[in-house]
Amino acid sequence: MKHGARNQITGTVTEIKKGGVMCQVKVDTKAGNISSVMTLESLDSMGLKKGDQVSVLIKAVNTILVKE
Amino acid sequence: MKHGARNQITGTVTEIKKGGVMCQVKVDTKAGNISSVMTLESLDSMGLKKGDQVSVLIKAVNTILVKE
Amino acid sequence: MKHGARNQITGTVTEIKKGGVMCQVKVDTKAGNISSVMTLESLDSMGLKKGDQVSVLIKAVNTILVKE
Amino acid sequence: MKHGARNQITGTVTEIKKGGVMCQVKVDTKAGNISSVMTLESLDSMGLKKGDQVSVLIKAVNTILVKE
Amino acid sequence: MKHGARNQITGTVTEIKKGGVMCQVKVDTKAGNISSVMTLESLDSMGLKKGDQVSVLIKAVNTILVKE
Amino acid sequence: MKHGARNQITGTVTEIKKGGVMCQVKVDTKAGNISSVMTLESLDSMGLKKGDQVSVLIKAVNTILVKE
């Protein structure tokens, strides 16, 4: 599978917090903990659970650089 | 400075590619190379250059998880 | 602190509505009320509360122009 | 016309910068200058030009709050 | 009304799921079911309900292409 | 491959326009023509060309509903 997102970070799902419509999935990566928010429906259709290996895709336009 | 982006990855600017209106900035991080696209004007107002230490901010809603 | 978001609007936090995973923060600005949605965790890590002075960052790619 | 973007700021187009595929449109508003990036094709199909009155739509999830 | 989003898909609202702050609106289109997430407040201010005819706007930068 | 984007529309690449850093890819789908903007580097790493079958992924939070 090839995709048009410039950034891809692999990791392991460590926690899933569910709200009424959305959920927050935490992924342990080499760059530390990364959180992803998606709909509960997407979570269900992926069958995502703790321990799963995943890739985090991030389009380059969806990042903001900060310089101290 | 505190911000409302859940994800923050630090790194060093390694390359800047300029287009007519936008530019692509590459940042070397623990999670590999991360690209950020912004306007040339933002690049100029930040005074960003190769070797700068930066943080890459990513909102949790702007990530997509993929499971093979 | 310098950042790569082209748009920055300052204001005062007037209301915080909490959901199960996300929250909505309202900011009173010169351009009227602006709402920001973030995770509850980001809200907590910022320690955000009513009356706080904040800046609203918006990347230029995340706006849509409409002409009547 | 009703839309599902929580934030709407009105203003006047003051400048249009064109690149190869994208363009940057500057809008003078009560909250200062706001930049919007879109495709050249969207610019053409809108027939946008300097002096036009426009609304800037911004979804609440596409904002990042910063507290100094 | 003219807008700066390159993609527009029309359809009919078939379901609305409400959370604490956000909601998910499902729209039946020629391309199948499309889900949109917005704040409950935007839902209310639009007065959106099942059976409504709507357009789904999507900026070109907010899509990711995938090739198997 | 399973992904956390709620919306997926399949189609055929019909045109690729290149700028200095970004490009615009047009995809013919059941819902009409859909444009996707990505970096030239992502285009190259995907090896995308006219006639390719692709899926367009769109997160539910990245859509805006409009009611006339």
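We just call them A, B, C, D, E and F in the order they show up, numbering each chain from 1.
One rule holds for everything that comes next: a contact is a pair of C-beta atoms (placed from the backbone, for glycine too) under 8 Å apart; a residue touches a chain by one contact, two chains touch by 3 or more.
The structure displayed is predicted, hence computed values, not measured ones.
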Most distant chain from chain B, judged by the mean position of its C-alpha atoms: E
Contact-richer chain pair [A-E vs E-F]: E-F
Mean-CA-position distance for chain E and chain D (Å): 20
Inter-chain centre distance, chain A versus chain D - centres from mean C-alpha coordinates, in Å: 29
Contacts with 2+ other chains: residues of chain E: 1-6, 19-20, 22, 24-25, 35-39, 41, 46-48, 57, 59-61, 64-68
Those chain pairs that satisfy the touch definition: A-B, A-C, A-E, A-F, B-C, B-D, B-F, C-D, C-E, D-E, D-F, E-F
In the complex with chain F, residue positions of chain B that touch it: 17-20, 22-24, 35, 37, 61, 64-68
For the chain B and chain A complex, residues of the former touching the latter: 1, 3, 5-7, 9, 24-25, 27, 29-32, 34-38, 46-48, 52-68
Residue ranges of chain C in contact with chain A within the complex: 1-5, 19-22, 39, 41, 57, 59, 61
Sites on chain F touched by chain A in the complex: 1-6, 25, 36-39, 41-43, 45-48, 57, 59-61
